[in-house]
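Down below are the structures I want you to see.
Look for subunit A in each of the two complexes below; its partner is subunit B in the first and subunit C in the second.
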Partner chain A sequence: MSTTSQKHRDFVGEPMGDKPVTALSGIGDSLGKKLEDQGFDKAFVVLGQFLLLKKDTEMFTEWLKDASGANSRQAGSCAQCLKEWCDAFL
Partner chain B sequence: MALRAEDPSQLSKSRLKSDLVAHNVALPPSKSRKEVYVELHLKHIERKTAADFSSDEEEQARHAKEEHPEVPDPGALTDDDLQAALLKRGVKVGPVVASTRALYEKKLLKLLQPDGHGQLNGADSGAGYSDSEGEERGGEGDDAESDCEEEKQTVQRSDQAPQQRRQLDMAVVDERTRTDQSLYYTPKASAHKTKTKLHQEPVEPTFKDMFAATESTPTGIYATQRRPIKGAAGRPVRYAYPDTPSSPSTLQRREVARRLVPVHIQLVVFLVVTCLLYFIYVCVEDNSWSPFLASLDNRNQGPDSEEGLLLQADTPALSGQE
Partner chain C sequence: MSLLSNKSAKEISDLLDEYGIKHGPVVDSTRNLYEKKLKEAMAKGKRPTSSPDKTFYREEEEEVTYVYTTPSRSDFAGERTTYMRSRPDWTEREQERSYSDYSRSKSEYSGKDMVDEPRMYDTPSTYRNSYVKSPPVKSDQKVPKTSSRLIPLWVQFVFFLAVAIFLYIIFSNMETNESLKGIV
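Entry: the complex of A and B
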């Protein structure tokens, strides 16, 4: 818990439903906009990509950096967020 | 930058030289005549003018083909072949679809490079990566969330060893890496997780059937053991024990409770009897004690006439009452 942000805890605490992509930990407004431009407009679409990569956080981090221009910290945070969500709900 | 469709002979010698250097062509000795430069320029750069992008790819393809005759350019592989090539190198790959294809192609390229010439190509790819990262970092600058420190870190890291950084077998240790977890993500079926769950596990026979089939999946995709969503997607919540078992103390309490009600009845009966006795006592007291005393004297004198005396005592009392 010490290294997770409030946004992370909010996301991982409940089913994501129709939350926007900016609800993901590490994804702010500008990164969210870039993802939406590519068609990843909802958090569950990004989850889909994460699952396609077989829930491999490193591959997902790399993909996210390429797709949205995120830095390592942001991409890693997002990957960790999705991984924990999957552990809890999938 | 678009190349002008000019006659190279019209360009200056220094310009030709710089063009050749830009296209990675070995320069002739500096004392050569301009014609030599023109020839080289025509030979190498002619290809560029034909079609910029396709020639780039051709060069790349030629590069790749020279290194690895067995595996051609990952861009030319089919989805299945790409997947097979990655699996051969021990990379666990998911389905190769539109969104994942680019990622897997890059990964295969990275894996191919250390196998081949190594440093030279590594440097090239490193330069390529640093270029792209430069672009990405430019995009990051707009990001409200990115810190300057983070950018410096990525710059330093990319400058030092792009190959090492990109090797995904190595753990990427950031300052914010969680130390309570392993850095390598291995999705194994972790049995201990299910034991530590706080809620009761519903008994689901289909759940176990799912796990029994995981070893025989053809694609190698397997699901890790997770707690299912209770009450969702038409899954009824069923617990192993229908009722909570009652402890012996509660059973005793229940038995005692059953007796409590008769106790009240017992009390009422007792009170009624007490009242009756008091009533009789009062009645006896109303009558004079003399016949009673007389009967007592008679009783002392002769025990034979006891019953008769008692009867006598009873009947005067009753007659007294009337």
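Entry: the complex of A and C
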């Protein structure tokens, strides 16, 4: 029934703490490296960017695609992951 | 047009508001994204402050052009009636207004010659000509989503199924003393 991945469920199920950026759903090693190069080395920094964009998933998706070269699926997955995390913990 | 990158954060924020783009604070990490959004919005040619007055102006323009392009006044007598018949879905308000214009002009010109009548009938006919244009526009606005059906398709299906099941229940519950030779 659920179309979310295990990674998604793992992230959304608990506070992110100091998890690396690769813990985000949709962010693998290569995308994670590109983000780290720009200073987004932890998941909470990406969360910060998500919050700056007022938790707008479309805006965040576009930003992530520009910043890391993610495709629509990966960026959308990451945005949804962060949105659900915020709904649960923010 | 000055470059977006030369504008202050406040100016970018104001521009985003003008184009109706919802946004957060314009800081270092978000600025590039917002500039890109503004460029897209400008390229699409969205008018920054779109207001409902624009549609009003459009109707006025159409009214003016129709006055100039009316062919001949003597044709109006026949055209008017056909317009009235072919537009049954006009709102009552429009029809009442056109009727009132009609009656007003008729009562005014009861004493005048026939020569004056066609000329003065321009005002109700211009109203009507503009109404000819506006129903397509209004119908687009009034019926944006649904197709040309009065009753939605799914309602028709549900109704058909309900009738079919109802008839089946009646048929299956019928008990007859005679044998059902003819049916089986």
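Just so it is clear, the second predicted complex is superposed on the first by the 89 of 90 C-alpha atoms of A that agree within 3 Å, B and C clash if a C-alpha of one lies under 4 Å from a C-alpha of the other, contacts with A are read in each partner's own complex, and residues count from 1 in each chain.
In this text, a contact is a pair of C-beta atoms (placed from the backbone, for glycine too) under 8 Å apart; a residue touches a chain by one contact, two chains touch by 3 or more.
All values reported here derive from a predicted model rather than from experimental measurement.
> In the overlaid three-chain picture, which partner chain does A:71 touch, first (subunit B) or second (subunit C), both, or neither?
In the superposed model, A:71 contacts subunit B only, not subunit C.
> Taking the superposition on A as described, I'd like to know which of subunit B and subunit C A:53 touches: first, second, both or neither.
In the superposed model, A:53 contacts both subunit B and subunit C.
> When the two structures are laid over each other on chain A, which of subunit B and subunit C touches more residues of subunit A?
B
> According to the stated criteria, A:23 is in contact with first (subunit B), second (subunit C), both, or neither; which is it?
After superposition on chain A, A:23 lies in contact with neither partner.
> Once the structures are superposed on A, label A:63 by its partner contacts, choosing first (subunit B), second (subunit C), both or neither.
Both partners, subunit B and subunit C.
> Considering only the contact definition stated at the top, list the common interface residues of subunit A for subunit B and subunit C.
49, 51-54, 56, 59, 62-63, 66
> Please give the residue numbers of subunit B that touch subunit A in the complex, ascending.
These residues of subunit B touch subunit A: 92-95, 97, 99-100, 102-103, 106-107, 136, 139-140, 142-146, 150-151, 153-154, 168, 172, 174, 176-178, 185, 187, 193, 221, 226-227, 229.
> Hey, which residues of subunit A end up touching subunit B in the complex?
Listed in rising order, the residues are 3, 15, 26, 28-31, 34, 49, 51-59, 61-63, 65-66, 69-74, 76-77, 80, 83, 86-90.
> Which part of subunit C faces subunit A closely enough to touch in the complex?
Those residues of subunit C that touch subunit A are 22-25, 27, 29-30, 32-33, 36-37.
> What residues of subunit A sit close enough to touch subunit C in their complex?
Subunit A reaches subunit C through residues 49, 51-54, 56, 59, 62-63, 66.
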